[in-house]
């Protein structure tokens, strides 16, 4: 085995042919397979950005609505692992994926999975990643003030439009920081890219790894970390169980805008079915029940057709910190 | 016993098929130690031969060359129609297994599969004649089971047939080992110290068993012994080994104190045995 | 004539000890650890014990129990498949039972499997079988092949030579040698490491929950993430009780197989062992 | 077993038999073949039932394997092609994993040896103590390693320390189990001799049993070292450092050639350890 | 040997301290089997006693009751100042260890720790007098090492002191076991079939060793034997056991064929031994 392996070493960064070559040339738009037979059932893979337990309960209406509209059974599976979700879509084990922007690009580059929809939150198709702390006196240059949702913000972050407050982030050096896996755009890539731009390397902070945005908030809320990364504003998810999170945890910086997560469909479906699925989802997102269910899952307020070019921003940010 | 004799198949036709002849046989172990030096012997079929000698003299080595468990380094051995030769010309594969199925062996340490039943152990003597799938599933043929039962009856331990071998006493295990050899219907039986660690009456019983098998079934018996009185009493012929060479070969009656002293390199009872200890 | 020998100095052993000590000291010395934080450990630990068990949150007990059972099922199928595949391969990997052209590639295969992390195995498999518990079971099965295969050939090569010789001397072929010379002696050891691997698989299935295979791992991870310590405490108790019950059952089965008596390991008495030992020593 | 031992006592049936004498000795009756087939069938049925139950529970779908096996091929091929250029970047993580594994193995082995003696019936005659130790060890073994890591990360914080502590707990479970089982199976003759010479149990265990299980202990310790290297992938999942974090990083960006390189490095360590273990065993036995 | 005698400490003062007395001793094993029935015996200090009997007669049981390895069920045994009694009154802890340090035992299967050196095995005989920390670190006292070396010299195997016990031949291992017992400086030596599986000259050497130790150091020796000629030749007194009861007790010279036949329940050499086999 040893010999066999060593005889065929390759360089990771040499273009290996196939779909991955697309990364270098412009944005990936995905493929379809019109020869494919109509699917008899569909699997929807969701990567949780919130409490997966709640996701299980809120995913039921979504399953039902899609089943109803498509006429074949659709069932949702939650995986906490980004790579697992992408591989599942790539191999047509899951046909629909609710994925963060980076994984949408990856699934497209690697397996031709078509990015069809992007979510809208408060009518925005992008959002900022935030940095927050339980030690505002260290990171805030002005007094924290309540934003529209009643939670505390400083350094001009209350609007939710990034970038903001990035001048104070150099102080993060040496702190305990809760962050998500390196594949998370808001929980890792954009904040780390912002820190790098200010001269703080990953090695300069001590990371506490969590796998969901609200867990990152909780880590700071409970004092396990001094600073945390998440999307804006993940504190709202935590607020239900911990009403004082808005006063104990203060947001002090916002990164560049991150393209919203969205929905990819397998490239092994016919264009016809890809469209059917995307239409069904769009249609559902317009109904009142749809809005309620989607809000419960991801605070989504609507859906729109994916902006393939914007998705690429995440990949570029990842490249800037030596990932991807 | 008659039953066993009666069921001996066509393989038993000519006892002369089992003459054993050593021609200038030497054995060198892989570590360079010489176990046997230039041994030339002829054991006619149907004889009962005892081999005696000090511990380490090469008794086990001699006996084990006969069924190829120890490969020889020079010379050759013929056992019936088979020839054991050194090196490249070694007997192997099918031919070696054929030879071994003709030569039964009783080991000093019994070499039973302790965790399986007595009858399964005895049936191992039939493995040579059993198709692979049968042996795999332990789906023994009726005839073979019958043969094994008769062998157990012969050594009078049939009542333990379905007990685990590990639950038997040493003497009982030794009998199972003999039964396994009988079930094999061999032309030659090799026995490596079959009575070590048995009490005197039991030792006599086992030796007598071997003697009867030899006399009644005409099977050649080669037996290693530490007990001179047993050797003299039960064997037609004694072969004395010392440091891998034959130093005595003759009828038991001829083997007197002098001969033993020669074989063992010292007096057996003298007061000065302490002096001899250094050799051990 | 019998001079007392001088006490030999074992240079090789001394050297080996020196090297090992040096490695351990170097590791302690170089590792980036604030050893001082150990001083707070007892206080911190008791605080968390309080959070975990003071008292546990039983509200999700039903769900936890179901998830644990699913993990056990995954582990069972994983172990059974692992045994079915590794068992014949182990024989082929044993020196003396199969030609060395077979021995070496199989040993290499076992080593490769052991080197690949379970998560990676699981992700390779999920592209074949999807995000299901079955994927988890297959991942455990493949992981099991690596260890069971290795333990298998070690056990088969280690059997007592006596019975082997016994079979050889009757003229039996290789298959007979395996069935009657190797298997009866290796059997108890093999059974006991099958059971042990099952135990490992129950615990390892916790990791596979993360990738969507289901089972207790997902629940554990979620609750740890959100610092629901009282729920973690409950999960911990469920896992411990279930694995301990399995352990006692398998131990009882093992006692039956090896010693021929039905006895629960934790209750087995000392006197019993002593008398069994005596019998072993005096055939 | 014990009943058979009593039954074979020769003097149990010996004396009266002897009186019979004469040529007309009754042939010992053949015993009937015990009906073990029924018991075996029951065991097989139970095992099948459990397997069926488990199979239904996890929804076994063998057809999927036949249908989709080719899906994994491309990734597996990538995994067989390591990117050697990646080696230098793995060194810090590799070093940290090795440090953690060495320290955890050393502490684990040192703590386990006395515990193993306390957990074996062969070396600990004190039944209540034996049961307590065994119970605690069962407890220690039943907690999943990932949970040790998760809880310790919460207790002592992120980093090598919590990783090491998790590995130590894990190691103690393994070594104590395997070594105490080896002690149970060890021939206790020498220990009996030491006891017969008036030694206490402690001294007899030390002088007579320790040398006997040293090869087992050494090989199990090396085995746990191997496990520690592999477990670092799990430990890394919760942020305890080492190769695990690196693996997470590369696999999330589908850098399979780099992942392959890491696996290759682990493989080398596994093989070297196995060879060393075999060599050491041979020396000690 | 003189050296060993000379280093015998104050413990050796009065040999009479090691008189052994059995009063109506019975042993019932946990499974209900009765190993000894109502044995009453007195072995004065300094005697060399051989115990003979069929396999399973209770020889090992008898010998093992003397140092408490097998607990007795009724009656009592006094060994010097110690009394072994059944049940609750059992000797245990410190007192039992004190007794055992006065009683050396040579096991049939040697019971050496094979994976450690010869000298470490011999030093096991000193464990009773070694502080726990020393035994933990194998930091033996100089005097003890000296004693162990002398014991090895006595059995003439000192040149192997630092070899692993597993590399010795059977006879050599038996001597190491004897040396271990000598290093213990006991008042009584119990030997359980010390010559089984040794060749005849070696057997004589071992028996003569025991005899000399008995004669020169005044140590009581109780030895189980399967070999009648050895028993008769080397022992002052023979005790015959059958089914757990004493059926003969007298000087070796008195033990003729008749006596043996009584002990073994059958003739040793008669032609009808086959009849007796069913008993085994």
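Lettered A, B, C, D and E in written order, each chain numbered from 1.
Following the convention adopted for this analysis, a residue touches a chain if its C-beta (ideal position, glycine included) is under 8 Å from a C-beta of that chain, and two chains touch if they have at least 3 such contacts.
Given the structure is predicted, the values throughout are model-derived calculations rather than measurements.
Chemist: What are the chains that chain A and chain D both touch?
Modeler: C
Chemist: Please identify the chain with the largest separation between its CA centroid and the CA centroid of chain E.
Modeler: A
Chemist: What pair of chains is linked by the most C-beta contacts?
Modeler: Ranked by C-beta contact count, first place goes to C-D.
Chemist: Can you compute the centre-to-centre distance for chain C and chain D, using the mean CA position of each chain? Integer Å is fine.
Modeler: Distance between chain centres: 4 Å.
Chemist: Starting from the mean Cα coordinates of chain D and chain E, work out the distance between those two points in Å.
Modeler: Measuring from centre to centre gives 40 Å for this pair.
Chemist: Give, as an integer number of Å, the spacing between the C-alpha centres of chain C and chain B.
Modeler: Whole-Å distance between the two chain centres: 44.
Chemist: Two or more other chains in contact with one residue: find those residues in chain C.
Modeler: In chain C, 2, 111-112, 119, 123, 127-130, 132, 210, 221, 227, 260, 275, 281 touch at least two other chains.
Chemist: Out of chain A, which residues touch more than one other chain, so two or more?
Modeler: 1-2, 83, 87, 91, 93, 224
Chemist: Could you check chain E for residues that touch two or more other chains and list them?
Modeler: 29-31, 54-56, 109, 156, 266, 274, 276, 278, 280
Chemist: Strictly by the criterion at the top, what is the full list of touching chain pairs?
Modeler: A-C, A-D, B-C, B-D, B-E, C-D, C-E, D-E
Chemist: Once bound in the complex, which stretches of chain C touch chain E?
Modeler: Going through chain C, the ones touching chain E are 2-5, 7-8, 271, 275, 281-282.
Chemist: So in the complex, the part of chain C that touches chain A is made up of which residues?
Modeler: Residues of chain C touching chain A: 105, 108-109, 111-112, 119, 122-123, 126-132, 210-212, 218, 221-222, 225-227.
Chemist: Which of the residues in chain C come into contact with chain B in the complex?
Modeler: Per the stated touch rule, the residues are 1-2, 162-163, 165-173, 175-176, 179-181, 184-185, 187-188, 260, 283.
Chemist: Which positions of chain B touch chain E when the two form their complex?
Modeler: So the residues of chain B in touch with chain E come to 54-56, 155-156, 169-172, 175, 196-202, 204-205, 208-209, 226-228, 264, 266, 268-269, 273-274, 276-278, 280.
Chemist: If we count contacts the way the header does, which residues on chain C are in touch with chain D in the complex?
Modeler: 23-24, 27-28, 30-35, 37-38, 40-41, 44-45, 48, 52, 69-70, 72-74, 76-77, 80, 111-112, 114-120, 123-125, 127-130, 132-134, 136-137, 150, 192, 196, 199, 203-204, 206-207, 210, 214, 217, 220-221, 224, 227, 229, 232, 236, 239-240, 243-244, 247, 259-261, 265-266, 268-270, 273, 275-277, 279-281
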